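In order of appearance the chains are A, B, C and D, and numbering begins at 1 in each one.
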Amino acid sequence: MIRFESDYLEGALPEVMQALAETNFVQTPGYGEDEYCAAAAEKIREKCAAPDAAVHFLIGGTQVNFTFIAAALRPHQAAIAAESGHIAVHESGSVEATGHKVITLPCGPEGKISAAQVRSLVEAHWADATHEHQPQPRLVYISQPTENGAIYSLAEIEALSRACREKGLIFFIDGARLGTALVCPGADAGLRDLARLADAFYIGGTKLGALFGEALVITNAELNRDFRYIEKQRGGMLAKGRLLGVQFGVLMSGGLYERTAEREVALAWRLRRAFEAKGWPLYCDSPTNQQFPIVPDAVLARLAEKYSFSDWARVDENHRAVRFCTSWATREEDVEALIADIEAL
Amino acid sequence: MIRFESDYLEGALPEVMQALAETNFVQTPGYGEDEYCAAAAEKIREKCAAPDAAVHFLIGGTQVNFTFIAAALRPHQAAIAAESGHIAVHESGSVEATGHKVITLPCGPEGKISAAQVRSLVEAHWADATHEHQPQPRLVYISQPTENGAIYSLAEIEALSRACREKGLIFFIDGARLGTALVCPGADAGLRDLARLADAFYIGGTKLGALFGEALVITNAELNRDFRYIEKQRGGMLAKGRLLGVQFGVLMSGGLYERTAEREVALAWRLRRAFEAKGWPLYCDSPTNQQFPIVPDAVLARLAEKYSFSDWARVDENHRAVRFCTSWATREEDVEALIADIEAL
Amino acid sequence: MIRFESDYLEGALPEVMQALAETNFVQTPGYGEDEYCAAAAEKIREKCAAPDAAVHFLIGGTQVNFTFIAAALRPHQAAIAAESGHIAVHESGSVEATGHKVITLPCGPEGKISAAQVRSLVEAHWADATHEHQPQPRLVYISQPTENGAIYSLAEIEALSRACREKGLIFFIDGARLGTALVCPGADAGLRDLARLADAFYIGGTKLGALFGEALVITNAELNRDFRYIEKQRGGMLAKGRLLGVQFGVLMSGGLYERTAEREVALAWRLRRAFEAKGWPLYCDSPTNQQFPIVPDAVLARLAEKYSFSDWARVDENHRAVRFCTSWATREEDVEALIADIEAL
Amino acid sequence: MIRFESDYLEGALPEVMQALAETNFVQTPGYGEDEYCAAAAEKIREKCAAPDAAVHFLIGGTQVNFTFIAAALRPHQAAIAAESGHIAVHESGSVEATGHKVITLPCGPEGKISAAQVRSLVEAHWADATHEHQPQPRLVYISQPTENGAIYSLAEIEALSRACREKGLIFFIDGARLGTALVCPGADAGLRDLARLADAFYIGGTKLGALFGEALVITNAELNRDFRYIEKQRGGMLAKGRLLGVQFGVLMSGGLYERTAEREVALAWRLRRAFEAKGWPLYCDSPTNQQFPIVPDAVLARLAEKYSFSDWARVDENHRAVRFCTSWATREEDVEALIADIEAL
């Protein structure tokens, strides 16, 4: 079985594994208070041109999302997300488990929400005489790229940021696959933009070459107050925090993170062109490492004998949208084999 | 600086690192549904003689504790722990953050609670006419070894188990350093005993040779129902779950886990004997890899120039109890150096 | 100002006030363990033909909803409600504050959901390979009448009950205005039906002649276990619980509750006929004590000089749906005055 | 049976009942936004000399406590209370159910904590290198009078207030029986003092002549932000909020609240003198409406044939401390009967 169902099927980039091996016997303090974490945080601050940002290394994306949201909101406040947003549909109600509602906004297959939607929602809340009987919208959550691989343009992120600042909202960006949104065709929003426009965002490692780990960047100092207490309380503080510092130290050096993303994206585009050549429409326009062709059921059954992929959405009686992912570890020969098999269908 | 302040100062056993490297490019499904996890779980079930037990691999100890407790209790129910228990004092209120009180029982410096204490507490609860106005005690939490390195004897664990069963309580054992309690002088409770006597317990990896990871063993099937939902919800489900399966597969093979623990314990006893030879009393009787000498402040200041250790408790105006830990990675020459320096004081 | 904006604008029925005055100096134990509560509960059990049901008296509707839901669900489980359901839109996220997601189903202006919708939702959940990454649907919440005054037929409630039992769901009915649904035109589901078909429901007092108070009837004994702990924990247990027992004792005697509801409904239908006669369409078909005419904005401005009503929904650029409520205290002359003013517009 | 077991055995003062009856048919908006609440709040602000204070009327004491605490704390923060404090022992873990630990301080039978204890606790927290692994103490909860009827002197409250301000803590006073602490022998802290020294406190109505209801006074404006959302979310916002406004309007006029308290206290002191005359020691020195004699078991058995009282604490093999309460409704003849029976024993 050749696997394309997700981008967390393998371990980590050889450079990451090597750094872990080389530092294996170095003694450091625990809980992220070591020199590797300090150095990796400093590299991230530099790349973000955010010298005052706080950087925290957590283990996984769900954890970053609910920990940051729990730290940022008061009990009556809610997060706003696209109806297909990860916190709305794939985190087992983890935000609700911290006491907060996720208010969802309708979105197309690309999974994006707009500044206009956010403004309308917030204005409607405050205009309603009974607003105290409803959760108060307070934080906007987006992911870049979205759940379905689409990216927000710089203009869209700027508009969301402006809406948040005007309406007194916190702007938080989930970057589980952020690298791919930095380098893909059409990308125009860089790390410095995110650091300038969001109150917090994270740079995902798990799906971009690390064994595991996400780097949360908090640029709004008020939201960083006592964050480590809450990180510990919610299980996100790794005893051997240095493991995260070592990994991000490597990823953030010499352009490794970006090169890894570029490779993922390039392989994904080969698949995309093969799908298009075959006449399979795309469920949504993803320029990143996830591709979502709409394929006849019968064909899927044949492909599934040799390849794994994720079921995404039923489109009509005979067609489904499925997801193929590439990762840092995807082998070119596997991509070529899949393309050849598709052409031969 | 030679570090003895904790047992999570380094990475992982070479065998573990090698297994991670060897399996790095193997493709597996995510979220612990891979063959490595299945195989490691099977090994654990065998070692525990618990063929029906469920085994879940989580990232860290705090996470296991609050996730299992949140899954096991209804909203009005409370956990019972020693007043020095880890969930009572060192997890940032993570159990309370899931909505549950931790009821504490007094304990000596060894950090142990007794079946008699548990019985009294529960009987007092139900005898009180206003018991509905108090959290209902429902789960007994102990750690083996305790926070202060002491161990429960088999007889003590059997008594606690009997008390729990008679009183309708869940019995949960935190095994962050469980290996050391299996092999240390005086140890008489094995994995099979824990599996037979507790409803759930975990086998700690982080402090016993793994990079990170804890294996939660749930022998009470009712408490395992839907556990994976809650594991995901609370951030404990690693995307690349296979990393945990690979590590525990190695640790649970060929006696590696026990050998690692034996080495930790043996080195700790060398320190213990040096403390005793020096005339430093021990704050508590720990037969495991943590040792707690009571040392004059002036001496501590001198030791701190070369060695790190943890401050534990002020004993009198001029003396403190401090903690020295050994780990899988502690070097014999460092132990010898420390002993020589103590002797030379 | 003559007020029609809600049905909790006044105090309580004279019979209720008199009973409170008459019993004012009687000494009783606190927290609902008094004879008045016992007697009122027994009357409710008789009316429901549910001799084994547990009856708890709580203070208000929001409190009953979140307390029962918190008591009934495990942490990963969710409630299902209409998208216009009270717990989804008007309780400030109180269910989420207990840790649970409210999954909403689309509904028309009547605010009803169907057994088919529930089945589809639950089947989709379990068919999804990633269901552990989503909150588990476990409880169906409806209100009778709905937020918008519509009622479920007996057949519809039976179908929902069947769906819940087949799918392992808890069926809970919010009866804040239940009386009106028992007596209005078209009503065919009685208290005995609810007791037979739901796991729990409540009989609202606040909006039907009591000063305050709701009677929660739990017919599923398993869901009643330890309920009083959770009632206390969430602030729903009144110290002078007897106040609730006294009130429900009166309401449940001699048909007072039903007569009160009949009067509310009869007055509401007078308004309804006046709206229809004026050619104002109804936003939804409510046979109960709330009526929702769609009225031109200019007309509303004039009405608002003399009458209060609730803004409900903007229908188009020039029309809004508004709510007029009648209550046990609504005076016939006020209804007549409003009708005359409408006719004269 | 003549009942002395608590002070919530009867309904309400005749003046309160009359005011409810007189206003029964007046129409008002719901949720506390009516003129009765506004007027009662204004009276309270005047009595407190706190023109800018926010006043909220909630239903019961447990609800005020957990709602205010939930509104005031961030997720990692804890409340500090006496080990016998109401939130620590008699509210079914309601504070923990909102996610927060209650850190308890040892106290004598009077149930008081001191500024020195608070300072030590907070200093120890911040001095501990691992403080991020512990809940952060952030709010001091006391009750005036305490659970056991003792009162804090003005000097003690001033010292606690100073400690809180110096250490950045919120100071919250539970006043379930506040009236009795304002008027009893030795009382020297008035409403103006509490308003000046605490961030928030409440004036209890349930136990001082109201049917039910507590008036929460928040003098720290920052802590009042969005409080009504949270009040609604936690079930504390009464639909017919005017019922609370009407009651407090009466209680706060013409000295009724103080007169009621004076009467309660005077009757309690008659009992106290009878206990002392009999040679029964007092479990603690309560100058308010609760008295705690230590009585031989055999005597208690005889008294229990005719009188109810609360079991409080076992003192030795043959003696128990029990509680006798007086209330606004306690009849002089019942007090005289009890005294006569004691004398005759």
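We take it that a contact is a pair of C-beta atoms (placed from the backbone, for glycine too) under 8 Å apart; a residue touches a chain by one contact, two chains touch by 3 or more.
Predicted model, so just to flag it, every value in this text is computed and none were measured.
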Common touching chains of chain B and chain A: C, D
Pair of chains joined by more contacts [C-beta pairs], C-D or A-C: C-D
Chain whose Cα centroid lies at the greatest distance from that of chain B: C
CA centroid of chain A to CA centroid of chain D, Å: 50
CA centroid of chain A to CA centroid of chain C, Å: 42
Distance from chain D to chain C - Cα centre to Cα centre, in angstrom: 33
Shared-contact residues (touching 2 or more other chains) in chain B: 75-76, 91-93, 97-99, 132-133, 135, 229-230, 232-233
Chain D to chain C touching residues, read off their complex: 1-3, 5-6, 8-12, 14, 17, 20-21, 23-30, 59-63, 66-67, 91-94, 97, 206-207, 211-212, 229-230, 232-240, 243, 329
Residue ranges of chain C in contact with chain A within the complex: 75-76, 78, 89-93, 96-102, 129-130, 132-135, 311
Chain D - residues contacting chain A, complex: 31, 70-71, 74-76, 98-99, 132-133, 135-136, 226, 228-230, 232-233
